[in-house]
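In this document, chain identifiers A, B, C and D correspond to the written order of the chains, with residue numbering beginning at 1 in each.
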Amino acid sequence: MIDKTSLSMAQAISKVKDGSTIMIGGFGTAGQPAELIDALIEHGARDLTIVSNNAGNGDMGLALLIKEKRVRKMICSFPRQHDSWHFDTLYREKGIELELVPQGNLAIRIQAAGAGLGGVFTPTGYGTILADGKETREIAGKKYVFELPIKADIALIKALKGDRWGNLVYRKSARNFGPIMAMAAATTIAQVKEIVPLGSLDPEHVITPGIFVQHVTSVGV
Amino acid sequence: MIDKTSLSMAQAISKVKDGSTIMIGGFGTAGQPAELIDALIEHGARDLTIVSNNAGNGDMGLALLIKEKRVRKMICSFPRQHDSWHFDTLYREKGIELELVPQGNLAIRIQAAGAGLGGVFTPTGYGTILADGKETREIAGKKYVFELPIKADIALIKALKGDRWGNLVYRKSARNFGPIMAMAAATTIAQVKEIVPLGSLDPEHVITPGIFVQHVTSVGV
Amino acid sequence: MTIQPLSRDQIAQRVALDIEEGAYVNLGIGLPTRIANFLAPGKEIFLHSENGILGMGPAPEVGKEDDELINAGKEHVTLLNGGCFFHHGDSFAMMRGGHIDVCVLGAFQVAANGDLANWHTGAPDAIPAVGGAMDLAVGAKKVFVTMEHNTKKGEPKIVERCTYPLTGLACVDRIYTDLAVIDVTSRGLIVIEMAPGIDIQTLQNRTEAPLHYNS
Amino acid sequence: MTIQPLSRDQIAQRVALDIEEGAYVNLGIGLPTRIANFLAPGKEIFLHSENGILGMGPAPEVGKEDDELINAGKEHVTLLNGGCFFHHGDSFAMMRGGHIDVCVLGAFQVAANGDLANWHTGAPDAIPAVGGAMDLAVGAKKVFVTMEHNTKKGEPKIVERCTYPLTGLACVDRIYTDLAVIDVTSRGLIVIEMAPGIDIQTLQNRTEAPLHYNS
């Protein structure tokens, strides 16, 4: 019997190694896997590359991971927020590397990794400093920038419900990056509010098929 | 009030012009919008480019459209089936052009069009005759072929239910190409078994958001 | 007659007039978000949020906020009957793929050729953050900009060439400021409306790029 | 002892032994489809179908067929408890993106370096059709091939170089025929099992490419 819910959060997170690339779901705090990030902080891995839309809020979660200097590099679209002071401080001190990626290029590069593409030509960012040094091409009269896939060793995502085969459903705008990050990581760990019996998720309504998820861990209600 | 269900099937299909590129959903007969294809046959448009996984079955639908020499070119992955005699005959007579595309490249090229990409590097087909003459590139030690997006003037798809804003849900493996074709066509016409009141589709379960659909037409039960 | 610049709400109200029923619309953070308040209640207009919402409704009643139902500015919103959710891949396919009819963005500068600068002042100590602005700039069928006509120091924001880092090239279709509504065309900037009390010469004085008028 | 070639069902049964619990597996049209019949009922194995199914179950009872629940060979199937549906984009992301652990394909020819030819005879009047074979060949973590060891005319199908148009380059990991199970390795073809009654020399005689054995 395959049971992807069998590991504790700490056991699942122990797959993270120093130097890993980790995708973290969420748009602001919506969809952010707070408990998994706490487990990652507890775990102690260092020298991480984090792929996430933002660079942490307040003093918790990703912001705390950054504060503790465990993040070597952030790949994100919108680090600056009203409460991103830990990132801001470290960035100004040159204590953290930043690869700033337009949000849609972040999404498509993650998707490209999940879908096994070598790269894509995207119109976004053409002619801007975020395309500096990148290959460009005119295709059918429009200008594009070549972007490489972004893949990860681990994805940490938050969903609403999951089953022992790893099937997931999400809730409202907390879905955001979860489904595409699950596809782009070698190991995806999903925290869910509820683990449900196999077969209780309608096969028409599953958003992330279990093939993209290696561990499902419950955070209770 | 926006009501995408207001046109009859014939009125919706009248948007097709001679020389149009038309995507037709379905994998074999599952998900094939049979009534819309009948309306297209009735409509009379000629010199069509058809993008569809197969090249018609038996004597009806797409096979009939091909038999009537209304299709200039097929873009598909698997034209040959046990009952694809109309395509087979016309192809051997050089009465129809064929662009044979590996199924996953067909899918990703349709997705690239829907997502506004200029093109993608795909590993599929590398080193085969289906990549003859195409640009290739080695990226991170793996070989890829450059493929251009495939977009369409019209997509004809089949779904289970739709509402007046164009939101769609599908049924089982009849979903197949519907969602990605809807994204890649300037005008998408969906035939549904049932038009349901706005709000009766759960916002978490909508598979094709209405933004990708211009007309919804009922074929009854 | 003294110049009566439009208030921020009046600018939002003016943009709302140009959004047609049935349009798929993305409203940027800040002033553009306010436009939603002025859309005619009888018109069905589809508001898109980059974080995976179509059919976004107004702010919820106090006490009914849901932290998992937020807009791009991370403010609480609601979902209309008929709205739906989707992931970031599909959301940016809508934006990049030309499916959004209108986006409305704020700006630091717009150039005469439609170049847009709205994400970065270029200041060396600024924390850069781009979000979805570049995707909207290249992907929306029409790009509208709302901004004050001049900076607080009185410098023009409609310029010959942007001095701030660009968001997108030749992408702006129409500019709404407190002083005027201006179309960006292949024949240059064409003023189509002016605020009460302002004259052509005064508007030009406050604008670096040359303005034209349909005669 | 006379040679006792494996029947098609025996080949399918043999492949089934090599599929581990928890594997995500795509079974090609024809002989590979039969493998499903021989998977140990106690093992949970996830069958993927390119047309948007994960967790495919066996053929339905007579009278319970559903034309909208079919496999890649357009045969009626069922869905297991815990299975799900998705569109073609996601389905081929699974295949091309390295998410499928094992695919099993039929073949016209396999070369010593793992090149696979299974979609087109190259005959001038043949109607070409490729389907998802090329995606599986490049994308699955392991590519298994099942085929008769020789053509009906007795020609070898395991060759130095494929003469038929290729499906994928250096992609085959293991070959299952009626006469042997052969691994494709960087050191060449290594025979790991032979059918009852066949000897090394006879097997080599029926094989164009040189065969090796682990001593």
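FYI, a residue touches a chain if its C-beta (ideal position, glycine included) is under 8 Å from a C-beta of that chain, and two chains touch if they have at least 3 such contacts.
Just so it is clear, the model here is predicted, and its values are computed rather than measured.
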Steps in the shortest chain-to-chain touch route ending at chain D and beginning at chain C: 2
Chain located farthest away, centre of chain D as origin (C-alpha): C
Inter-chain centre distance, chain B versus chain D - centres from mean C-alpha coordinates, in Å: 29
Geometric centre distance via CA averages, chain C-chain B, whole Å: 35
Contacts with two or more other chains, residues of chain C listed in rising order: 79, 85-86, 89, 92, 96, 138-139
Chain A residues counted as touching two or more neighbouring chains: 108, 111, 115-117, 122-123, 170-172, 203-204, 207
Chain contact topology (line, ring, star, complete or other): other
Chains touching one another, given as label pairs in label order: A-B, A-C, A-D, B-C, B-D
Chain C - residues contacting chain B, complex: 21-22, 24, 44, 46, 48, 54-55, 79, 81-86, 89-90, 92-94, 96-100, 138-139
Complex interface listing, chain B residues touching chain A: 108, 112, 115-123, 137, 139-140, 142, 144, 148, 169-172, 202-205, 207
Chain B - residues contacting chain D, complex: 27-31, 77-81, 84, 87-88, 91-92, 98, 100-105, 107-108, 110-111, 122-130, 143, 170-180, 207
Sites on chain A touched by chain D in the complex: 1-2, 111, 113-117, 163-165, 167, 183, 198-199, 201, 203-204, 206, 209-212
For the chain C and chain A complex, residues of the former touching the latter: 49-53, 66-70, 74, 79, 85-89, 91-92, 95-96, 120, 125, 127-135, 138-139, 165-169
